[in-house]
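Input: one structure, supplied below.
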Amino acid sequence: MSDRTAGYTADEIMTVSAARALRDNTSCFVGIGLPSGAANLARATHAPGLVLIYESGTIGTKPDRLPLSIGDGVLAETADAVVSVPEIFNYWLQPGRIDVGFLGAAQLDKFGNINTTVIGGYQAPRTRLPGAGGAPEIAASCREVIVIVRQSRRALVERVDFVTSVGQGSGPGSRQRLGLTGAGPQKIITDLGVLEPDPRTCEFVLTGLYPDVTLEEARERTGWDLAARPDLATLPPPTDTELAALRSFTTVGEQGPDDR
Amino acid sequence: MAEIVSLAEAIGQAVRDGDAVAMEGFTHLIPFAAGHEVIRQRKRDLTLIRMTPDLIYDQLIGAGCARKLVFSWGGNPGVGSLHRFRDAVERSWPGPLELEEHSHAGMANRYVAGASGLPFAVLRGYSGTGLMDPGHQHPSIKPVTCPFTGEVLTAVSALNPDVAIIHAQRADARGNVQLWGITGIQKEAVLAARRSVVTVEEIVPGLDPRPDAVVLPAWTVSYVAEAPGGSRPSYALGYYDRDNDAYQAWDPIGRDRDRFRQWLDREIFGAARV
Amino acid sequence: MAEIVSLAEAIGQAVRDGDAVAMEGFTHLIPFAAGHEVIRQRKRDLTLIRMTPDLIYDQLIGAGCARKLVFSWGGNPGVGSLHRFRDAVERSWPGPLELEEHSHAGMANRYVAGASGLPFAVLRGYSGTGLMDPGHQHPSIKPVTCPFTGEVLTAVSALNPDVAIIHAQRADARGNVQLWGITGIQKEAVLAARRSVVTVEEIVPGLDPRPDAVVLPAWTVSYVAEAPGGSRPSYALGYYDRDNDAYQAWDPIGRDRDRFRQWLDREIFGAARV
Amino acid sequence: MSDRTAGYTADEIMTVSAARALRDNTSCFVGIGLPSGAANLARATHAPGLVLIYESGTIGTKPDRLPLSIGDGVLAETADAVVSVPEIFNYWLQPGRIDVGFLGAAQLDKFGNINTTVIGGYQAPRTRLPGAGGAPEIAASCREVIVIVRQSRRALVERVDFVTSVGQGSGPGSRQRLGLTGAGPQKIITDLGVLEPDPRTCEFVLTGLYPDVTLEEARERTGWDLAARPDLATLPPPTDTELAALRSFTTVGEQGPDDR
C-alpha cells in the first residue's frame, strides 16, 4: 500500500483499527509499544471510559502522552490506583476480571500463539528475544485478547519457535484442556488488515483489509496458507479526528516489535 | 538494624562473589548507582535476579559479573534489545550465562513466597507455554494439585536472595526507608533477602506519610546509603524523570563490545567512587 | 460498574436469603449501618463471614438472620464476650448456629485466594491445634506438600462470598471508593465476592490521594450508598472515634434476651429507614 | 497477697514484670488486653526502642494511651507503617522475623499450650470463648512467646480443653515434629510470679515469686502439681517510676481474661 496517496501510514491505520476494536467502559490490560498507542488513542476518541491497566500496577491510568515504558511516572501520577506488582497479577489479572488483553508479538502462528522468547532453538537461539514479561498470564486470563503486529512472513509463521503465550493452542478445545480461563486471541490486527479465528478450526483467517491492500499482498506477507472469509470486508480508513489524535501523541512507530 | 554507610561500604559489606543478588525496581527507582558500584568492586560469579534486567543488568552481564540470570523480561523498554544480554546468550561473551526464565507473574509470586517464609507460591500460569515444556527442564516450576477441588495449578519455588538491592526516595536518620509511586516488587525483594542495601535520594530528619508509599522499617534493612541520582537513567518520582534519551543512546553502545569496554572504562572504572 | 443508590436499595438488591455474606472492617470501618439494614429487611439463612464478628454479628445472630458463622475471633474487644453469639452456640437461641472456625491468618489467606481467583492458599498454620484435630472435622483446612522441598504445609480453601459489604470514608461521583487508616481485609473481601455493597461517610466530587489509602475502582463495586456515621460505634479515621462506651454498654444488652429484643425493636425496627 | 500493704495491685506487679521481660530494640507482636499494657509500659520505661506490632497491620506503633482494641485509630496514626491484614500475617509474622509474641490466655496447661476457644467439649461447650484470632500463628512463628495470665486453678490446668495455640506441645521435640519454627512460650507471667519451662521436660515450673507471695499460694492456684526451681527467686517489686508510668495509662485491669 502507498503511504503517499493514502494520507496515512501503515502503522497509523493499524493503530487506528486496533483502537476501534476497544469498546468504551471496558477494562484493558495494555502491553507497551503498539498496544499502548492504540489503547490511548481509543481513550482519546470513542472510548473515554476505557480503563487502562499496566503491569507496573497502574489501574485506570490516563496518560496525556504515550509512555515509553510500562512504568513511566505519568502512569502512576494519573492512575485511579497504584498497586504492587504481585497484586496487579494476583488480584487483578489472574481472576479474569479484565475484559481485554492487548499484546504485541515478535512471532505468532496461525492459532495466534505468541513467541517473544527466541528465534531458533531455546538452548542456542539464533536471536534471543526479551522473553515473557506479563504476556503469558495476560493471554491466559483476560476475557479476550487482541494482538497487534506488523505483517510479514518472519512474524506470521506456520509454527512459532517457542510458545511464550498461548493463543488458541493447537486448535479447538485446546485452551479448555490447558485450564486457561479466558477466550484467548479474538483479533490479530496488522498493518494490512484484520485476522479472526475461524469458529470451527480456531485458525486465524483474514476478515478485513484496509483500502488499497490486496488479498495477494496479505497472503505474500503471511507464513501460512492464509484463508480469507468469503465476506472479506474493506475496512474504513482513519478519520481526520483519529489521525489528529494519534499524531498528537509521541509516534508509536519509533518503537520496535519486541517492545512491551 | 539498618547501618547508614557509604555506597562503597554497603556493597563491599553486603555483596560477596557467588551471591544471588536481586536488584529490583520496576522501571521506576532502578538502583543503577549500586549496580555500577558492584561492577566497580569487580564482584564475580553472581546469580543476578531481576524481573526486568534492563540496562543495569546488561551492564553487569557485559562487565562479567554474572554467572546466571533469573528474569522474566530482558529488553530495553521503548528501544529494543539488550545487546550485552544477547551477546552472552547467543555468543557466550564475555562468558556463558545460565538462564532461569519465568513470566512476571511467576517471578512476582516467587518473591512473595520468599518474603512470606514459604517454600513455594501457587498461580495460574505457564500452562501450555514453552517454559513448562519438559524438554526445557525447569526446576523452579512444577504442577500442584488443589487439595479441595483437585484442580491442577502451577507452583513456583520461593526466591530468597542473599542480597536485595533497591533505590528509594528517602530514609530517615534511623534508617527507616520510604519509597512511593510505582513500588513494584521492592518490598518483597527486601523481605525475602538475607541481607539488603537501600540507596536513597536523601536522608531526612523524619518521614511524613505520603500517598502510595511503602515504608521499610529500619530493622528490616541491613545498609542504607545516600546516593542522589542513584537511579538515573531510570527515574525517581518527585526527584527526576526517566532519561529516555539515555535509554536510546545505550543501544549503539550495547551493540558493540569495544564501545561497551570504553563505556566501562570511562563511566565505571574511570569515575570517582561515590 | 458501581450504582450509587440508597442503603435500603443496596441491601435489597445485593443480599438474598441464604447468601454467604462477608461484612468486613478490622475494628475500623465496621459496616454497622449496612448490618442493621440487613436485620431490618429480615434476611434469613445467611452464612455470615467475618474475621471478628464483633457487635455487628452478635446483633445479626441474635436477630435470627444467620444459619452459619465463618470466623476467627468472636469477642467484644476490650470488654469480653459476645453474648448473642454465645447464646446461639451454647443454647441454640434463637436457632442453631453452624460454625466454621479459623485463625486470623487462615481467614486472611482464604480471602486472598478468593480475590486471586485461586481455589486455595498456603500458610504455616493450624499444625498441632484443635482446628486440625481430625475429631473436629474441618473441610476448609487440609495439608499440602511443597512440590520442591517435600515440606508439608497447610492449605485453606478460598472464600468467595456472594456479597461483600464494607464501609469506607469516601466515594466519588463515579463510584470510585477510597478508605484509609487500618484497611484490614476489605479490598480482598470485595474482590473475592460476586457482588458488593460499599457504604461511605460521604460522596465527594473527586478523590485526592491520601497516605495509607486503598482505592477500589468503581468497576469493581456493585453498589455505593451514602451512610454518614455508618460504622458507629466502630470508627472512621478522620471522621469520628471509636465509641468505647457503646462497646461497654452492649454487654448488659447482649447478655439478656429480653433487653436484646427491646434493643432490636427500638434501634432497628423502630428506627426510620436510612 | 495484700494490695493494701504492698502499695501496688497484683495486676500491677504482673504487668510490670511482664514489661521487664521485653528487651529494648526488639520487635514484639502484641495481643490486646494485658499484653498490650505491659508492652506499652516497657516502651515507656526501659525499652524505648521496642517495636510494637499489632495484628491490625500497624508496625512500630507508639500509642500515647492504651488501645482498647487491636485496631484503635491511635495505633495507625502513630505507626511507622500500616499494612493490610494478609500482609501482617504473611510477610511479617509467618517468616519468623518478629522476636517476641506476647499473648494472653483463658486457659493454659503445664506445657504452655493455650486455649481461647471453648471450656468443655467443642461441639457442646460449657463456655464458648472468642476463639483463635492471631494467637496460633503468633505462638507458632515468633522467635519466642511470653504468656501473661492471672493465676487460678481455672486458668492453669493439667490439660487444656482445646489447643487453640501450641505451646511446648506434648513436651520435648514436640514443636519440631509439628514444624513450628519459633521456640514457643519461654515465660508465663502471672499475678503471683513467673513460670519457665524446665529445659529437660518442657513442663513449666515456678522460677520466681513476687514479694509476700508463698509457694503454697502459687501451688493452690495451679491446676497441675507445680514444681519450683531450687533457686526460686523473689522478684523485685515495681519501682515508683514503673508504677507512675503504668498508672498514667488507661487501667488494664478493666479488661477481661478473654480479651485480645
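Order of writing sets the chain letters: A, B, C and D. Residues in each chain are counted from 1.
Everything that follows uses one rule, which is that contacts are C-beta pairs under 8 Å (C-beta built on N, C-alpha and C of every residue); 3 or more make two chains touch, one makes a residue touch a chain.
As the structure is a prediction and not an experimental result, all values here were calculated from the model.
Chemist: Chain by chain, through touching neighbours only, how many steps does the shortest route from chain B to chain C take?
Modeler: 1
Chemist: Is the number of contacting C-beta pairs greater for A-B or for A-C?
Modeler: If we tally the C-beta pairs in contact for A-B and A-C, the bigger total goes to A-B.
Chemist: When the C-alpha atoms of chain A and chain B are each averaged to a single point, how far apart are the two points in Å?
Modeler: 28
Chemist: What is the distance, in whole Å, between the centres of chain B and chain D, each centre taken as the mean of its C-alpha atoms?
Modeler: Roughly 41 Å, centre to centre.
Chemist: Just how far, in Å, is the C-alpha centre of chain D from the one of chain A?
Modeler: Each chain reduced to its C-alpha mean, chain A and chain D end up 58 Å apart.
Chemist: Using the touch rule from the top of the page, what residues of chain B touch 2 or more other chains?
Modeler: 112, 117-118, 123-124, 151, 187-188, 212
Chemist: Quick check: what residues of chain D touch more than one other chain, meaning two or more?
Modeler: Each of 90, 94, 141, 181 in chain D touches at least two other chains.
Chemist: Dump the list of chain pairs that touch, please.
Modeler: A-B, A-C, B-C, B-D, C-D
Chemist: Would you pull the chain A residues touching chain B in the complex into a rising list?
Modeler: 32-33, 55-58, 68-73, 75-77, 82, 84-86, 89-90, 93-94, 117, 122, 125-137, 140-141, 162-166, 169, 174-175, 178-181, 255-256, 258-260
Chemist: Spell out the part of chain B that touches chain D in their complex, as residue ranges.
Modeler: Interface residues on the chain B side: 1, 112, 115-118, 176, 187-188, 191, 215-217, 219-220.
Chemist: For the complex, which residues does chain C have touching chain B?
Modeler: Residue list for chain C touching chain B: 117-124, 139-140, 142-144, 146-149, 151, 153, 155, 157, 209-213.
Chemist: What residues on chain D touch chain B, complex-wise?
Modeler: Where chain D meets chain B, its residues are 25, 27, 51, 59-60, 80-81, 90-91, 94-97, 141, 181.
Chemist: Under the touch definition given earlier, write down the residues of chain C that touch chain D in their complex.
Modeler: The touching residues are 26-28, 51-52, 71-75, 77-82, 85-86, 89-90, 101-105, 108-109, 111-112, 123-131, 133, 136, 151-152, 181-185, 187-188, 212, 214, 235, 237, 241-242, 244, 247.
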